[in-house]
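Okay, so chain A shows up in both of these, paired with chain B first and chain C after.
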Partner chain A sequence: MSDHQAFADALLAAESTCPPGLTAWNGSDPGRRFAVYRNNVAASLVDALAETYPVTQALVGEEFFRAMAGLFVRTNPPRTRILSFYGDGLADFIEAFTPAASLPYLADVARLEMLRVRAYHAEDATPLDSGEISRLLADEGRLPQVCFDLHPSLALVRSRHALVSLWAAHQAESVSAALAAVVPDSREAALVLRSGLDVEVFLVPEGSALFIMNLRQGIAFGPAAGLASAGDAAFDLAAALGLLIRSGAITSATIAGSIPS
Partner chain B sequence: MNSRLPSVPMAVGAASPRRLPASGGVGLKPEHFQEILATRPDVGFFEIHAENYMVDGGPFHHYLSRIREHYPLSVHGVGLSIGGAAPIDRDHLAQLSRLLKRYQPESFSEHLAWSSHGGVFLNDLLPVPYHAGTLARVCGHIDQVQDRLQRRMLLENPATYVEFSASTMAEAEFIAELVRRTGCGLLLDVNNVYVSCVNHGRDPYDYIRALPLQHVAEIHLAGFAHDVDAAGDSLLIDSHGAAVAQVVWDLYAYALERVGPVPTLIERDNDIPAFPVLLAEAHRAERMMRDLVRPSLALRT
Partner chain C sequence: MNKTLTAASLALALGAAMTVAASPAAAQNKMSDKEHCYGVALKGKNDCKAGAGTSCAGTSMRDHQGNAWSLVPKGTCEKTVSSTSPTGYGQLQEFKEKKA
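Right, the complex of A and B next:
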C-alpha cells in the first residue's frame, strides 16, 4: 500500500518531510507530530549502534559518532527484525567515510567490536575434555592429521594497526594514560572468543593468528602449523596451543580422513 | 511474601496453570539477570522482548533459561509488523515459534502497529489507519499468527502521535472488532491509552469503557515524556524511560475496577533504574489489585 511506502520513505529521508494523509485533532501541522516517529527511528537505531560500538564512539567522541551513525542508519537501515547484529557494515562504511580518514584504525576497531557482539550471542559449545586433548597431543604419529573444531564464537581480526591495544586501553581505569602508551601504527591481531559467559579479546602474534585461522578453515594440525611457521618465522606452536586450550576454544577433534566419532 | 492473587477470571473454564498470575511483573533486562538469580525477588512474572532472544546462544539464553525455571514468563514481540501492508514474514514467525517452543511462556503478545516495509525494519511501532480495509488485513495477520503458533495471542493498543484522514473507525471500535473476529486477547497498555488520548484530544476513561474489557488478559504500565505539538498542545511520548505517572496509576485503578485483578507489567526500556525501583512499582500494582478484591474476598495474610 502506498500509504506505508510514503510513511516509510519520509521516516528515513534526509530532509524532514511529512507524508500525506495525516491529521491532528486540533488542526495543527501534523509534520511536528510525524517528527516524533522520525526521531524515534533514527535515535533508536543510532542507540543500537552506540551500544555495539562503545570504543569506536569513544575514539571519535559522542557527537561525531552520532552524526556518522545517523548517516549510516539512513543509508543502511536494518533488513532484519533482529537488531542484535545491526550495523555489521559499519566498519566498511567507516573505511569509506572521509571525515574519519584521520583515524585509519577506526574501521578495524569497529570490526573487533562487532565480533565481540557476535561472540556474545554465538552458539554454545562445550570445550573438549583436557585429558582427551592431552591424549591427542601425545600421539605424535597421528597428531599432524588431527582436525580441531573451534568454538563457534571464535573469530580473528588481523590489522595493520594496534587494534587490541587501542581497544584494551578503553577498558583501563585511566583511558587517557593507557591510550598515550599505544603506538597505533603497529600491526596487531585479535583473537575474540567467548569463554563460558565472558567474551575475551586476546592479542596474538601473527603466527598464532595464521595457525588458528588455518584450524578454523578445517586444515589439519600438521599443515596448519607448517603454514603458520612459513608465514611467521617466530611462530610459537606451544604458546598458540596453550592459549586455545586454556580458553576452552577446542570443542572437538577428528582424524583427517576418518569418520568423526 | 505477597500472597498471590487468583488469575483474572476468563470467559470459560477453571484457572489454567498455563496463564500469567494476576500479580505484578517486570520487564527482564540483562542488567538485572544476575541480581534476579541471586536474590529471587518476589515478582509475579517476567516479560521479554522476543527479538532480543532470537540469537543462537550465550548469556541471554543462559540466564533466561535459569530465570524461567523460577518465574512465569510473558513473551512480547516487537517485530511481527501485524499492522503492516506486507504479508507476515514467515521466517520471522518461524523463529518466534522456535522461541515459544523453547521457553513455553504463559503468554505471547504483539502490537497493533507496523514496523517493517519493503524489506526494511524501521524499529518503531508505527500507526495504522482504522477502516474496513486495514481491519480485514490485520485480522488476516492475527489469524495467521495464531494458526502458526497454535495459541491465542494478546494484541496491545498503541501509543500514537498522528491520526489518518483515511480512518473511518475509532481506535477502540477497531480493536473491539479485531478481538471479536480473531478471538485474540487484549493487552491493555494503560500508559498508551493515556498518551494517545492526550495526543488526540480524547477522554481516556471513555476510551477504556469502549474496549472489550472482558478480553483483557494483561496490563502494561510505563512512563511517558512531555513534548508539545505545532499548536502548543501537549504531545506525550511513550518513552518507557520514566516512572509510571500518577495520572496513569489513576487510570489503572479505573481499569482494574472494571477488569478485576490482571497480570500487570512495569515496562522500562530506557534509563533503566536499579531493580528494586521497578519491583516497588510492580508491588504497588499488586497492592491496588489486593485492595480491589479485599471487600469481596477475605484474603489470607
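Right, the complex of A and C next:
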C-alpha cells in the first residue's frame, strides 16, 4: 500500500490511528496533529452536506443529521473536486440507514434537495417560442409523433410520501405551522426546474409526472400522453402542457424519425 | 391498458395549454413563492443557493449590502427596512447604497 493510500485510509477510518512515518515540524505529537486534521476533513464534508441538505437536516435535527452524515462521509469520500455535488448518494444511504427508518420520507426529501443543486448548475437552454408551437398545431396529423426536448435542469421525483409539502413547509415563514398541515404519507411528485437563476419546485399530479417522465425518455407526444392517461385516469394533458410551456421547460420539438430542421 | 389519444385531442390540449400559459392569472403550483431581496441581509448572512463549496453565500461584508440578496416571501421585500437603501426598504434589484 502506498503512503498516500495509507494516509487517506487513516483519515476515514473509524478509529484515529496515526499513519506510520509522520513527523511534526515543531516536534509535537504527530498523532494529535493528525487527529486534528482528520477531524477537520470529516467536519468540512459534513458541513458541505448540511449546506446541500438543509431540509433533511431540519427534519431530523442537527445532532442526528451530523451523526448520520459523519458515517456517510467515512464510506463515501469525495470522488471529484466539485464539492457542490458532494453527497449525491446520501438519499440512497438514508434509505438503508436503520436509525432513520421511522422517517420513510427522508430519503426522497434528500433526493429533491440534491436535484435542486443539480438544476442550479445545469446547462442553459432557450424555451421553444409560441410561434413554433403554433406551427406544430398547424400540422395536426403529425402531432402524435412530435418529440419534445425538455430543459436540462428538469428532473422529477415521484414519492410515496408528501415530499413536496414537507420541503415547501420548510420554506414557509412559520415552519411548524406549515408542517402541522402536512399529511406525510400522501403520495406526491415533485418537478424541479430552473428558470433564469431560480430553481423552482412544482407539485405535479401523478399523470403529469408520468407524462413528463415519458417525454424525458424520448417517447413521442401521442404515446407519452396515452401512457400517462392509462396510468392516471385523472390525467389532465392541457394542465401538464400548460405548466411545461409556462415554465419554459420545452426547449425544442422534432417529428420522430425525421431529421430536425 | 394503453388509451390512444387522437391527434385532434392532442391538438386541443396543446392549444388550451398555450392559452393557459399566456394568461397572467395562470394557477401557479410553484411551491416556494419567494423573491430575491437586495439590501436586507445582515453581514455574512446573504443567501446563494449554489450548493456546497460555492463561495457566494454568506460573503457580504456589511449589513444591508446593496448587491447582496436574501430569499424572502413574495411581497415582503419592499416592506422590509434597509438602512442603506435610498427608498428605506429592501429592493428587488441591486442598488447603490446611500451613505448611512
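Following the convention adopted for this analysis, the second predicted complex is superposed on the first by the 254 of 261 C-alpha atoms of A that agree within 3 Å, B and C clash if a C-alpha of one lies under 4 Å from a C-alpha of the other, contacts with A are read in each partner's own complex, and residues count from 1 in each chain.
To be clear about the criterion, a residue touches a chain if its C-beta (ideal position, glycine included) is under 8 Å from a C-beta of that chain, and two chains touch if they have at least 3 such contacts.
Quick caveat: nothing in here was measured; it's all calculated off a predicted structure.
After overlaying the two complexes on the shared chain, residue contacts for A:Ser28 are found with chain B alone; chain C is out of touch. In the superposed pair of complexes, A:Ile82 makes contact with chain B and with chain C alike. In the superposition on chain A, no contact is made by A:Thr126 with either chain B or chain C.
Contacts of A:Ser174 after superposition on the shared chain: neither chain B nor chain C is touched. Once the two complexes are laid over each other on the shared chain, residue contacts for A:Gln217 go to neither chain B nor chain C. Once the two complexes are laid over each other on the shared chain, residue contacts for A:Ala225 go to chain C alone; chain B is not touched. In the superposed pair of complexes, A:Ser102 makes contact with neither chain B nor chain C. Note: residues 48, 82-84, 120-121 of chain A belong to the chain B contact set and to the chain C contact set alike, using the contact criterion stated above. Contacts from chain A toward chain B in the complex involve residues 1, 3-5, 7-8, 11-12, 21-34, 36-37, 40-41, 44-45, 48, 77-84, 119-125, 152-153, 194, 197. If you check the complex, the residues on chain B that touch chain A are 51-52, 54-62, 78-81, 84-85, 89, 92, 95, 114-124, 126, 129, 161-166, 199-202, 227, 229-231, 233, 235, 237. Within the complex formed with chain A, the residues of chain C that make contact are 1-5, 7-18, 20-22, 26, 29-32, 34, 49-54, 57, 73.
The touching residues of chain A, when paired with chain C in their complex, are 47-49, 51-52, 82-87, 116-117, 120-121, 130, 133-134, 136-137, 140-144, 164, 167-168, 171-173, 190, 199-204, 221-223, 225-227, 229-230, 237-246.
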